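Chain IDs A, B and C follow the sequence of writing; residue 1 opens each chain.
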Amino acid sequence: MYVAVKGGERAIANAHKLLAEERRGDPSVPELSVEQIASQLTIAVHRVMAEGSLYDPELAALAVKQARGDLIEAIFLLRAYRTTLPRLAYSLPLETGRMTVRRRISSTFKDVPGGQILGPTFDYTHRLLDFSLAATNGAAPAAEPGPADPPAAVPGVVDILDRQGLIEASAPADPERPIGDLTREPLNLPAERDLRLQNLARGDEGFLLSLAYSTQRGYGGSHPFVGELRVGEAAVEIEPPELGFPIEIGEITLTECQMVNQFKGSKSEPPQFTRGYGLVFGHCERKAMSMALVDRALRGRELGEEPNAPARDEEFVLMHSDNIQASGFTEHLKLPHHVDFQAELEQIRKMRRRAEEPSE
Amino acid sequence: MTSPARTSPSRTAPPAPGFADPVLDAQRCFRSLLAALAGPMQALSLDACPPSPPEPLGPAAAAVALTLFDADTPVWLDPRADRPEIRDFLLFHCGCPLTPEPGEAAFALLLDPAAAPRLSAFRCGEEEYPDRSATLVLQVDAFDPAGPVFRGPGIETSRRLAPRPLPPGFWDQARANHALYPLGVDVFFVAGAQLAGLPRTTAIEEAV
Amino acid sequence: MTNPAERVTNPAERVTNPGYNYAYLDEQTKRMVRRALLKAVAVPGYQVPFASREMPLPYGWGTGGIQVTASVIGPDDTLKVIDQGADDTTNAVSIRQFFARVAGVRTTERTAEATLIQTRHRVPETPLREGQILVYQVPLPEPLRKLEPRETETRRMHALSEYGLMSVKLYEDVTRHGRIATSYDYPVMVEERYVMAPSPTPKFDNPKMHRSPALQLFGAGREKRIYAVPPYTRVRSLDFDDYPFEVQEFDTPCALCGSSGVYLDEIITDDQGGKMFVCSDTDFCAQRVAAAGDSQGARDPQGAGGLQ
């Protein structure tokens, strides 16, 4: 006669078993391997690494498998693992100008030094279902090989504008000021650009995409151009104090986007182009572009723009970008709330009784 | 923000040992610290102190350091504490940066009460962030039962305790510190393996 | 069903999860949380920002409380976890299992036996004593947030003790409803300095916070805030002279143990409007039933598993 959310231990244990069963699916179908996920669902793995803030394709692939393809759940798994890891060293700033570029485009110039490199992109595919992929034996057609020795360093397109003084100078980093880390220090507002960029780099792709889109539709418009979008591999270096010189510890795939935005000038700034920056682990162009647009939108304080649109509202953006926080708090409504509901129930009954009293 | 350590470990002798069980001893010591601040001005015994801290650092003072100090907390040492054995001990076990400016310290280790800087020399927090204030570890010889009368959060009615010796005019400074509330510094008195807390919330009345 | 009160894990076997530290958090994180806790105790009711970590449980499911508990807990503790007042709600079970697993602590359902109690939405009915620590899971630590969404603004308001907005809101209730319509998460004033959210406990529990002999710690993981109420600290529910604060009263006693003056859950018994009221605090209820010598096992709805 009395059913409540009780008897938790057995129920939880059984729920875990059911989940494992669903994850495995039809046992007559071969099980997915982590290697398969890591090498064939790369965009999913990259998104999990980017928003999970941990560059490890194997662990990200494992998380995708464990989460049954739920990428936010996979990001959560990776984050909860990452947070227990010790800090062994801090890398030197990445030299994205020296990365090995596999894809690199600019929409601001027809051609650019170093060339436009289309690379592996969905951009000009026709979105027709390819039924041949339903068969599993297909080897991919080989692409034509690129130039025998690709340029070692591809200069940034935005630097060209910089040299002509048409784009705002990129403020040099202050070596005295430590770079913030919102995983070690709570975010205090207003936040500087380093923390904003870190927040956006970890932020939910869908949330940032919608915010970026809103700036294009007039909610804090910024008239953007893709100065440059590049995808490739960059070396990670550390400089152990006992050595005194940098050593390379590995290479990571990155997507970098430099947005160039029209700017009519303000009381303090002359008319010029302004910058928005996006940098993301893995191959995540949509995210890198969205990040760059939102980064630019959030620079209002510095450029004298009114915080009159959602994407320009620093507190709104930074406090709601994290999908692990957002999904946790949204989904916590599934937990029992009957104590508070009881309080409300009594309250409403009392108020209704009071409302009915005078008429009687 | 934090300034780098003034010295790197220089001596050849290994630093004095830390906690026997770094994880659980730190936990036990923290619980005593929490009890001391949540129940001010009662002498509590620490049962898990490092065995032989470098002189003149007492067992409780060393335990507090091992429990709370790390790379994120700039520490100021008074001249009596600022000696190679203690620096090595702190750098080896805590990895805390040492700062020459009392006003920049998250923690201060005061082993010489007679020569202690005024409480107002340390960070008392900001209006919007009163938590950004220093915590002082003040080593004394003993706790006497008499002393001023204390009231405030954590004290059911009133309590008395007299750490000794104290810096000259200490209670007047502590009253001024209390008057800054919610700003102010917080103090841990340590003596041997004992500890008492004086948070900024505690009101100090004249001894009757 | 095993009695969790008798489940003891040997501290020697404390590393049951290779690859994770005692009580899950790494020592550096614990130190950071511990420092925040000490400052929280030193400024009762003030929300100390802390670098909350991702936990293996989702945000909103008690990550703040878990981080506080993990930073405080040791092998000498006896842990009780409740959700909605009950020890056997799913999330309470899950969190209790988590700490039994990662910290090897003794767990209990008895309020009186516990040294450390983690709670969501209730303060136990059994009076707490000195030396006990009550850890609240807090979803929204900022009592002014519903009136002012901006952190920069609310932080300023706390700094200046500018709490007029809160009074205006409560008074609007009075003019519209003839009473203050807040029934849970009812704001309190701590030591006449900081307005504080008691977490979504029913206002019924607010008086228990005033001058409680136990130390009360509050953890909000997603919002990255820790705050505290030390023992014997003044906690006043906001009200007006002509509309004094009042707690909920129930017309009927608990259908199981007969207690009145306790907080009750309303249990729907059929779809014809049938209902009964039973204690929300399952341990308190069970103790009362046992004390009355009423050991009708068949009636034991507070202990039996309903969710399968």
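Following the convention adopted for this analysis, a residue touches a chain if its C-beta (ideal position, glycine included) is under 8 Å from a C-beta of that chain, and two chains touch if they have at least 3 such contacts.
Predicted model only: the values in this text are computed from it and were never measured.
Chain centres defined as mean CA positions place C nearest to the mean of all protein CA atoms. Per-pair counts of C-beta contacts peak for the chains A-C.
Put simply, the C-alpha centre of chain A and that of chain B have 43 angstrom between them. We define each chain's centre as the mean of its Cα atoms; on that basis chain B and chain C are separated by 31 Å.
Annotation: 34 Å between the Cα-based centres of chain A and chain C.
Within chain C, contacts with two or more other chains are made by residues 21, 28, 49.
Annotation for chain A: residues touching 2 or more other chains are 184. Within chain B, the positions touching two or more other chains are listed as 72. If you check the complex, the residues on chain C that touch chain B are 21-23, 27-28, 30-32, 34-44, 46, 48-49, 71-76, 130-131, 155-156, 158-160, 191, 193-194, 213, 215, 228-234. Looking at the complex, you find that chain B touches chain C at residues 22-24, 26-28, 30-31, 33-35, 37-39, 67-68, 70-73, 106, 127-131, 133, 135, 153-156, 181-182, 184, 186, 199-201.
Against chain C, the residues of chain A that register as touching in their complex are 1-12, 14, 76, 79-80, 82-84, 86, 182-190, 315, 319, 324-325, 327-332, 335-340, 342-347, 350-351, 354.
Taken together, the chain C residues at the contact with chain A in this complex read 1, 20-21, 24-26, 28-29, 49-56, 58-61, 63, 83-86, 88-94, 97, 120-122, 139, 149-152, 177-179, 181, 183-185, 200-204, 222, 224, 248, 250, 263-267, 269-270, 276, 280, 301-302, 304-308.
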